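In structure tokens below, several structures.
In what comes next, chain A is part of two complexes: it sits with chain B in the first one and with chain C in the second one.
Now for the complex of A and B:
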């Protein structure tokens, strides 16, 4: 066993096809694993629905007599809220501590011995999870919302495909953020602190508590261009309700691509630094 | 002797909790700040929404802040005292609840003390500060009656939210995988009580406001304090009903807990 250490890089495979096959297998495994928690999915849908009602009523009250607020009309707000409630579970914005738990218990050692880079394998599992959530958690609010509120249906043919791409990117961006938050466990052991900062920051800065358009223009622009947060919720939703023109929407999705690449690179960097100092305690 | 022994056991449970939480000092400080942030952001959300509108459901910012203050003060204190009961589903699922039941102490106080979240103290203090600021700045015409209401309504809200936490947690005795569903009533109730109920509509408002009683936590007491007539038509004495409603809620919670714990069957894990 002497030659296997955390600092020796896993073997790199020059063949692309087997790599994709492995990645696909892990994605499928992630989907199946999360598809077993069906009762939890039902409970989650109920919660999302209640918050959908609350947020929808509150934002609609802000529209006043004019019927619009911050560039959204009442129907657009309806779509924004209900699609947002569905997306919460797809991007899994809260509650993911798998990596941090494994670091604390030392089980992460098993991940490091595998021939797939940890960032890659965790991303694959997360994409599988997101796939199941898209069916079980995104669809119900999209069905329930229109029963009780006016909603906006996209007019441009390209909006729905672009929305789906944007959601996929949102999952990757959100995964990158969560991986980094979890990876602080390599240094801190107990990640409750960073986790609560993430929970708070992400909810406000991603556009969940209120659409970022409610903020002053300069602040919204700063958040949009200088932080990844709008890319995990606000951008896909703005794309869906066509708040901006199609070229601007394409630009926003491009911004998500940039953040996705940057964050995954940062995850790999942090992972490498962490592996140099990781001491797995106990036998 | 019996009581003193139990008290000593509870005190050592609490002491062990305090020591273990303070062991990771950096995390504890970040926790304190983070928990403060949770309540701060609730208030910020209200301020941001008033940044794009002059009034919400017929209420101005100063009036709404009284509602927010009553709500966040009551919720934060209840969350500090009994909020950890929301871990019950996990205790049931992992079988830890069996260990709690075989000890010679009452189950509910044990559960609460097993993980009393000292970090949430910051939140409760901030909630109280918001309430005091709102009461001072809303231009309330203080009468002895209103002073008494301002003193009685927050504790009544605490009892009400505490009852909601316990009642919703008992769902996990019947449905082990209920997961986050309790949140829809606990945190949902917090959000609901943060705004004048005129904002909501239809059966949804009727269900939360009067079906579950959330209107008596902040909306009706705030109306009575501000001396405003209810736009929805209820008489002004309703603002004084909050202690009574809290008492009813506590009774329901106690019943639900007793029935639930009898119904409990170990998952065997």
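Now for the complex of A and C:
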């Protein structure tokens, strides 16, 4: 029995695996966990693709005779829609209630018993999930869209890597928002109300229902610089279709970095507050 | 050396109760009411009490999940809430009603992930896992996703998961709840072996007193958030007057139940042909001798005191009123 018991002391610096290896292992586990739900991925791809057609036709109709609207030409709108349909699952804008469910059932106690901060471990799992979604859900719409519509391909070599960085940041920003919405369960138990507000608000403010350029200039600017929402979808898509110059795009990605850091800090703060008043439900 | 120290540990919850059509009243419920306890390294402590007594709440405060309303706790010299992530590396926890395994992953992958989460050196992890596989018979379902495991299989997985980082203290909150006899035996046998090794401190809450009898030398009984007994099982029997019983089978019933000094009749069964005496001051020999003069004895057996019965009486007396002095 000796080998099972506490014959080895707690980890010290001498044999501590670096922090990022722990983080990486949780990311990989998140990838594997979500990769087990393949049928759900197929159903999601079909839905995203059908709605891609619908959205694309509506936006193209808005261009009218001039062939442009709000600074997008028809090909840019095609890319905006089809890449956007693929990104929906990568950022997991809707339907994530894992944390809220675990708070409601008391399972969150198990998360608190791990030697990793809950925000860190949930983020790692989410990045793993996003990684799987990037393969299973982002690629199909990007292949289907160009078969039926004109799409815009980036002209600047740096756009593609910048887009990938922007998507990664979009996942983190979206995760931060979702974590905060879910964390209301610490106070409310039932998060249906905040969740409905989030679903409605995020769709409009992130540029999913229409590109934010469709809005009056002052409103678009306010949303873009004063809220994290465009960083969830609008910014990565604008980077991809090169709507702005490269320096502006770099600035927009920088803005995502700021929001990502702020939101993660806020998540940690909220988590700390919540833990002080936590009531673990049921035994 | 004390591994666990509690001083005046207290937890209150606020509940809102309906007091009218729209009015809600706040009420404070005290789940744990000033518990003082010291647990030494290597002890195996049974922590029992009726539903709602405050057992799980105490464990959650000791593991850093819940913030105490008052009082102090130290586990492995750390403050559970403030140092929670550091403490997590040194303790193992099994909540019988919750899972710490990843629902979607096979057991093997959950264990592998835990190695990284707890930053355990590969060699130590492999050695512990091999030992658990042998003792808990895990091989048959090591590649099955956790969501497909039976309760008994999952619980064996949970125990392994709690031990892979070699914790100094193992907290078990009803680890045998809902398990069948075979799985219960497997879990008990495993914990007994762990206890024999002597360097892991074990705190066990349970409703199954057989777990306690089999595993724990020290028993703490808690009710209404207060400690009402702290000592060995034998002491509990002595304090609450649990007695050994003598069951006498007679050839034929006596017209009146016999009066034997120091051994009152507890029950008369089988139409008077079976008599159950409680040994208070008399010895077994005295009861046998006393009976032999009155009737023909067919058989005689001695029943050791039943812990369930003692604890039932203890809970019942607590419900009626504070017959016992708390915190003894």
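Keep this in mind: the second predicted complex is superposed on the first by the 266 of 283 C-alpha atoms of A that agree within 3 Å, B and C clash if a C-alpha of one lies under 4 Å from a C-alpha of the other, contacts with A are read in each partner's own complex, and residues count from 1 in each chain.
By our rule, a residue touches a chain if its C-beta (ideal position, glycine included) is under 8 Å from a C-beta of that chain, and two chains touch if they have at least 3 such contacts.
Just so it is clear, the structure is predicted and the values come from calculations on it, not from any experiment.
Chemist: On the A-aligned overlay, A:194 touches which partner chain: chain B = first, chain C = second, or both, or neither?
Modeler: Touch partner of A:194: chain B, not chain C.
Chemist: Output check: A:46 vs chain B and chain C. Expected answer is one of first, second, both, neither. What do you get?
Modeler: Touch partner of A:46: chain B, not chain C.
Chemist: What is the contact status of A:58 with respect to chain B (first) and chain C (second): first, second, both, or neither?
Modeler: Once the two structures are laid over each other on A, A:58 reaches chain B alone.
Chemist: Under the stated touch criterion, which partner chain does A:21 make contact with: chain B (first), chain C (second), both, or neither?
Modeler: In the superposition, A:21 touches chain C alone.
Chemist: Just checking: does A:70 make contact with chain B only, chain C only, both, or neither of them? Give me first, second, both or neither.
Modeler: first
Chemist: Does chain B (first) or chain C (second) touch A:210, or do both, or does neither?
Modeler: first
Chemist: Thinking of the overlay built on chain A, is A:254 touched by chain B (first), by chain C (second), by both, or by neither?
Modeler: neither
Chemist: By the touch definition at the top of the document, which applies to A:114: first (chain B), second (chain C), both, or neither?
Modeler: second
Chemist: Touching chain B and also chain C: which chain A residues?
Modeler: Correct list for chain A: 37.
Chemist: State the interface residues of chain C toward chain A in the complex, per the touch definition above.
Modeler: Touching chain A from chain C are residues 13, 56, 60, 63-67, 81, 84-86, 88-90, 93, 95, 97-100, 102, 104-105, 109, 112-113, 116-121, 124, 127-128, 130-132, 135, 145, 163, 166-168, 173-174, 193-194, 196-197, 199-200.
Chemist: Where on chain A is chain B touching in the complex?
Modeler: It is residues 37, 39-40, 43-44, 46-47, 49-51, 53-54, 57-59, 61-64, 69-70, 148, 188-194, 196-197, 199-200, 203-204, 209-210, 214-216 of chain A that touch chain B.
Chemist: Name, in rising order, each residue of chain A that touches chain C in their complex.
Modeler: Answer in residue numbers: 1-8, 10-11, 15-17, 21-22, 24-26, 29, 32-34, 36-37, 106-107, 109-110, 112-117, 121, 275-280, 282-283.
Chemist: Using the touch rule from the top, collect the residues of chain B that touch chain A in their complex.
Modeler: 24, 26-31, 34-35, 37-38, 41, 44-45, 48-49, 51-57, 175, 177-181, 183-185, 188, 191-192, 195, 199-202, 204
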